[in-house]
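We just call them A, B, C, D and E in the order they show up, numbering each chain from 1.
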Amino acid sequence: MPMPANEPALLDMLKEQFAAAIQEADLSATDPWIQVAAEHLPAVAAFVRDHPQWRMEMLNCITGVDYWRDETTTANVDWQPHIELLYHLSSLARRSRLMLKVVLPRWKEGQVGQLPEVPTVSHIWRTAEWHEREVFDLVGVQFVGHPDLRRILCAEDWVGHPLRKDYQPPAEYRGIPIA
Amino acid sequence: MADHLANWFHPSLDWLAYTIAGAAGAALLLVVALMVAAVSMWLERKISARIQDRLGPTRVGGRYGWLQPLADGLKVLGKEDIIPAQADKLLFRAAPYLAYAAAFCTYMVLPFSGRWVALPLDSAVFMFLAVASLEVPAIILAGYASGSKYSLFGAMREAAQVVSYEIPLALCVVIPVMLAGTLSLSEIAEQQRGWLTSWLVFRNPFVCGAFFVFGICALAHTNRAPFDLPEAESELVAGFMTEYSGFRWVVFFMAEYAAMFAICGLGAILFLGGWNGPIPLTDLLGLRYDAGPLAGWLGDALGAINFIFKCFLGITCMIWMRWTLPRLRIDQVMSLCLKYCIPLATLMLAGCMLWQYAMPGGVVHTVGNAGHSHSPVAECTQHRPHAQRRLSNPLSGPGAPENSSLRQQPRLLLEATSVLLRGN
Amino acid sequence: MNPFTEPIGVTHYLCVGAVLMVCGMLCMFTKRNALGVLMGIELVLNAANVNLVAFGSSWLRADAARSIALDGQLLAMFVIVLAAAEAAVALAIVLCYYNTQATVDVDKASKLKG
Amino acid sequence: MQPESVSATQIEYDVQTEQMLLSMGPQHPSTHGVLRLALRTDGEVVLAAMPHIGYLHRCAEKIGEKLTVRQFVPYTDRLDYLAAMNMNLGWALTVEKLLGIEVSEKTMHLRVLVCELDRIASHLVGTCALGLDLGSFTPFMWCFREREKILNLFEALCGARMLYNYVVPGGVMAEPPRGWLEQCRQFLDQFQPVIEDLHVVLTTNDVFIRRTAGIGVLSPQTAISYGCTGPVLRATGVCWDLRRHGEPIYTRMYDDYQFHIAAQTDGRYPQHGRQPPVPGSAVLGDSWHRFYVRLLEIGESAAVVRQAIDKYSRLKGAPSGPIPMRTKLPQAAAYLETEAPKGQLGFLIIGDGSAVPWRVRIRSPSFCNLSAVEEMCRGCLLADVPAIVGSLDIVLGEIDR
Amino acid sequence: MEAINWHSVFFYLFAALACGAAAAVVLCGNIVRMAFALVAALGAVAGLFFLAGADFLGALQLLVYVGGTMVLLVFGVMLTSHSPLFALRSGAGHWIAAVVIGACLLTVLLRAALAANAWASPPPPQQLPPRLQPTTSQIGLALLGVRTDKLDRPDPVLQKGMCGYLLPFEIASVHLLVVLIGAMFLARTKRRMAATGSGSNSSQSIPRQLEIGNANRPHDAQNPTCTPPGE
């Protein structure tokens, strides 16, 4: 049976180690999560990977979510526009799961077109290399320190980041009309 | 044939008669080669289908799809003939024909039966190997001229493969040649006349082992699985054939089957008695030329059927292997050929020599006459009339002195060796 | 005189040999690629072989008994075998040279030490 | 550059040649679809292999933001189209986790039945494709013959042979037709000898062993770091299978079932003695082990299917049906991973209160497995590249999404 | 109409092929084309050998030269050429000097070839044997130390050398062994030195030893340590 890492002591230890970095946390949820400040992400990630009471050896997935809202939005949502990065981790040794959450602005310093930045974790989990490329490609997040940050699914010269909610597909790509 | 034909023509047109005879012979051989390719293709499709629980061709040409190769050929002829822009056009065009010519020219020295041989060459075995090796430059040429990296890889693999398998192949061929004492394919086959036991493969266990190694090298020679690296489709798309299409592709394809038949024919002659069946039917029925031309012709026909059957048996084994085994890697091919086949073939050669020295007349004879044999060399000449005949052959012409130095050959050899030793 | 009806003599072979020889020499002179030079050498050796075989052949001269007979073929045989050996060594040298100098240009091979 | 452990084959190559850039794919017989591998080679030696993906990108995640969770089920079919049932299941379970639905026991058994049959079909393709990549065509035909029988069963079940749209949030689309379970049983009865045949022509075939043993070795640490899961991870000796180690909503489906996880622990496989032995040249985590694990899983899945048939037929009533088409999703997120044939398939659904998800995320197992190819191919021979890529058993539909 | 002498026709065919291909070797700039022109030239020379009655030698030429040496050469070309269409050109001065020397040499050689009357007097076709006379056994025996073709020589000078070629044969075999080892030793460069000269390729830092299929390297020692979870 898998068990969430819901011991309060674990969280306290983490908070002690990275006081400012841990913004919010809920380890008793079905999917336990910790919200980490972007600049402290690699340190926290390395800690939860290596600490014997966490041992999150595997990074399952990195997801970028664009929480977007403007006047035309019909959805009944109350969030402020931002981008969330979700790092789903799991520990094979302890059979537990954890989600690291990083909240970013939609654009760096509010300037449209400037991708928000977050330090890479590709040196902590190798799989992050491709996942970060994918998030960069589709959601538009700059991973600082990534060894080879290129588009992975879209064509190299594609314009825009399709999984942004305000993304408008181009009318054509290299003369090929896009319906 | 040419002489018969010449009799019908005016003497001044002798050259025409010979030309027609030569052209007819070549055409006949070409037809044989094409038929062989067609039948092999059909066999390949049917056998692979059986192995894979399928039916294979069933439509074209009746229930068994006899005409499928023809239909395939026609289809391929209708394909667009593409020459890549990067290709070296002249060499690209020339390569398939060179490959086919190399495969086909081996038929020239291949005796189908006692008198059914296009060129009864004295050094037929050697000639066979020499001509067969010409297919390699053709493949390299194709690989280079295509202007494709995959083709180039195929060519380099072919070159690497050929240097590995040619040596053990030649060593294996030397063993029957040594036993028969001649390089003539007809002569080697003739010596195996008689019952099954007179086939060279049953002569002694070392020949049997050599036949096994020969089989491996023959597979490598024809680029058949598990040695089909130059055209390995899973990594090189189609290797040296990647850029070929249409007729030129067919020519390569036919060259492969022609080479398969030829190398199986070589194996059949060297090891499996050539056109001699397991039962000496032609002898028992008296179908020899001394009983009249028709009887001789019938005997030859019977022999040819026998020979072709053996060849197709070999081809069937090759097909069977292909649809059973995965492909080897290039370093594994090279280590197999260089590290295992060459020592094995050398061992067989040495073993054969010793065996022949100890029991020159074969096991039965030697054991039966254990008390009588004094000198192995003497027995060698005594009980192997063929060998004796071969040795004396150069002197059998007119003007040769009766008491030739050839009789003293062993002594001469000894003297020469001692001279060498003393000289040092 | 129709050349196709006349028999062939030693002279014919010698002429072919001369042409091959000169081509080989030219090849050796003009090629800067070490492998090209090697090919020129092969041509020259073959020219010699053609002559040797021609001198030894009993079919090419009326006084066949005065030909050098099998000696010609045997000499040619040794030439072929040794040429193969020479090619192998030369190729090894070229490869070695290429591995150290990254070129096969013979004009650049001015040092004895790699 | 000290290797952690010395592998079986070492090549010392002395004659160095020009480096060549060889583009393997996207149209290539052995890249299993439209994968492109840019290989930097020195002769036959591959110095670097760089995968290029995205040729089959169909914006599945973006489409998920436009459709209701019921409408999205056919799109999951198109992810791993060789194991569409398992794709359906992953999605259905994630939706059920988000909505807090529990399906009936009978439905669970039916889901196990079809998913394990589907696992057999997927592994049949995975194993025989490796044989094909190594030039052995015959087992390919044998496996496809068996897969065809499974597809026939699925066709009788849901009318589709490849893209089933069968396991849906809330339950399944239809009850099995009469006599279908008996057909399943018949299939399993005649299927056992085929596995033996595969062992003869591939597993214990000396040429096959030479081509795969010690090739593309992945250590457990590297595999985990690359996020490799499924048979690729288990072949490294890590005993990890979400059917046993996953979240309760998934593992409770399998609680009643007896099966072994095909992973070598303590030096032997749990199936040791009943299956051909591991050859001496095989290194844990190499292509041979990946192949072998898949074959073992076929056997285990067949056993599970037998149990599922029994359990399902013992229960009364009908399996539950799908949820309504426009079910509203809560303003919450649910992430669930299931054990698909290729590895751990994860779906993330973020609801915004409407019937259409705000965000759909697909964690594709082949995507992570493929990312390790760069590491595995470094320094191998050109002919080993198909042996490595083939043993990963990737499906580009799932990688490119 | 006079009978066509096929022997002559084929001689001219092969001679033209040999000379043409040899000229192509000289004139081709592309090294691979040169190699294949050389194959054609050597193949044609093999044909000339057959026409001179040397069947064994012809086969040997095909086997050793066309099948063996050429594969070696082409292999060398492929290993060393930067691109398949690689050419190194010589200057015009080289060419002029070479052509002048070559022309002089050709003149001398042709004059020599045409000098002797005995060489220019072929036997009439009737004297030729109708079939190829085998030379294989004779060559084989000669290599073993017995000359069977000299027994009926009228000229005592030509009768010499009855011992055949046993010694050269042995020397050649030892020579081949030495060459085999030598070539192997030469081609085995232990390490690659820094490239000098033009056209050096940029990548020099390739490890001499590569482990096949071993991807077991730790990633910068930053891998998570993981013990496999138990059942």
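Heads up, the rule we're going with is that a residue touches a chain if its C-beta (ideal position, glycine included) is under 8 Å from a C-beta of that chain, and two chains touch if they have at least 3 such contacts.
This is a predicted model, so every value here is computed, not measured.
When chain centres are defined as mean Cα coordinates, A lies farthest from chain B.
Chain nearest the geometric middle of the protein is B, using mean C-alpha positions. Taking B-D and C-E together, the chain pair joined by more C-beta contacts is C-E. A centroid comparison over C-alpha atoms places A as the chain most distant from chain C.
Chain B and chain D have Cα centroids separated by 48 Å.
Mean C-alpha positions place chain C and chain E at a centre distance of 8 Å. Our note on geometry: chain D versus chain E, Cα centroid distance of 55 Å, whole angstroms. Centroids built from CA atoms put chain C at 30 Å from chain B. Each of the following residues of chain E touches two or more other chains: 3-5, 56, 60-61, 68, 72, 75, 78-80, 135, 138, 149, 187, 189, 192, 201, 219, 224-226, 228-229. Listed for chain C are residues 95, 99, each touching two or more other chains. Annotation for chain B: residues touching 2 or more other chains are 156. Residues 12, 14-15, 18-19, 88, 91, 121-123, 126-127, 129-131, 133-134, 136-137, 140-141, 144, 147, 152, 155-156, 159-160, 162-163, 166, 183, 390-391, 393-395, 399-401, 404-406, 409, 412-413, 416, 420 of chain B are the ones that touch chain E when the two sit in their complex. On the chain C side of its complex with chain E, the touching residues are 2-27, 29-33, 35-36, 38-40, 42-43, 46, 49-50, 53-54, 56-66, 68-71, 73-74, 76-78, 80-89, 91-96, 98-105, 108, 114. For chain E in complex with chain B, the touching residues are 1, 3-6, 30, 32-33, 36, 39, 43, 55-56, 59-63, 66-68, 70-72, 74-75, 78, 84, 132, 134-138, 141, 144-146, 148-149, 151-152, 162-163, 166-167, 170. Interface of chain D with chain B (complex): residues 9, 11, 20, 22, 24, 28-30, 43-44, 131-138, 141-142, 145, 201-202, 205, 207-208, 210-211, 381-386.
Residues 53-54, 57, 59, 61-62, 97, 222, 224-227, 238, 240, 245-248, 251, 331, 333-335, 337, 344, 346, 348, 350, 352-354, 358-359, 361, 363, 367-368, 371-372, 375, 400-401 of chain D are the ones that touch chain A when the two sit in their complex.
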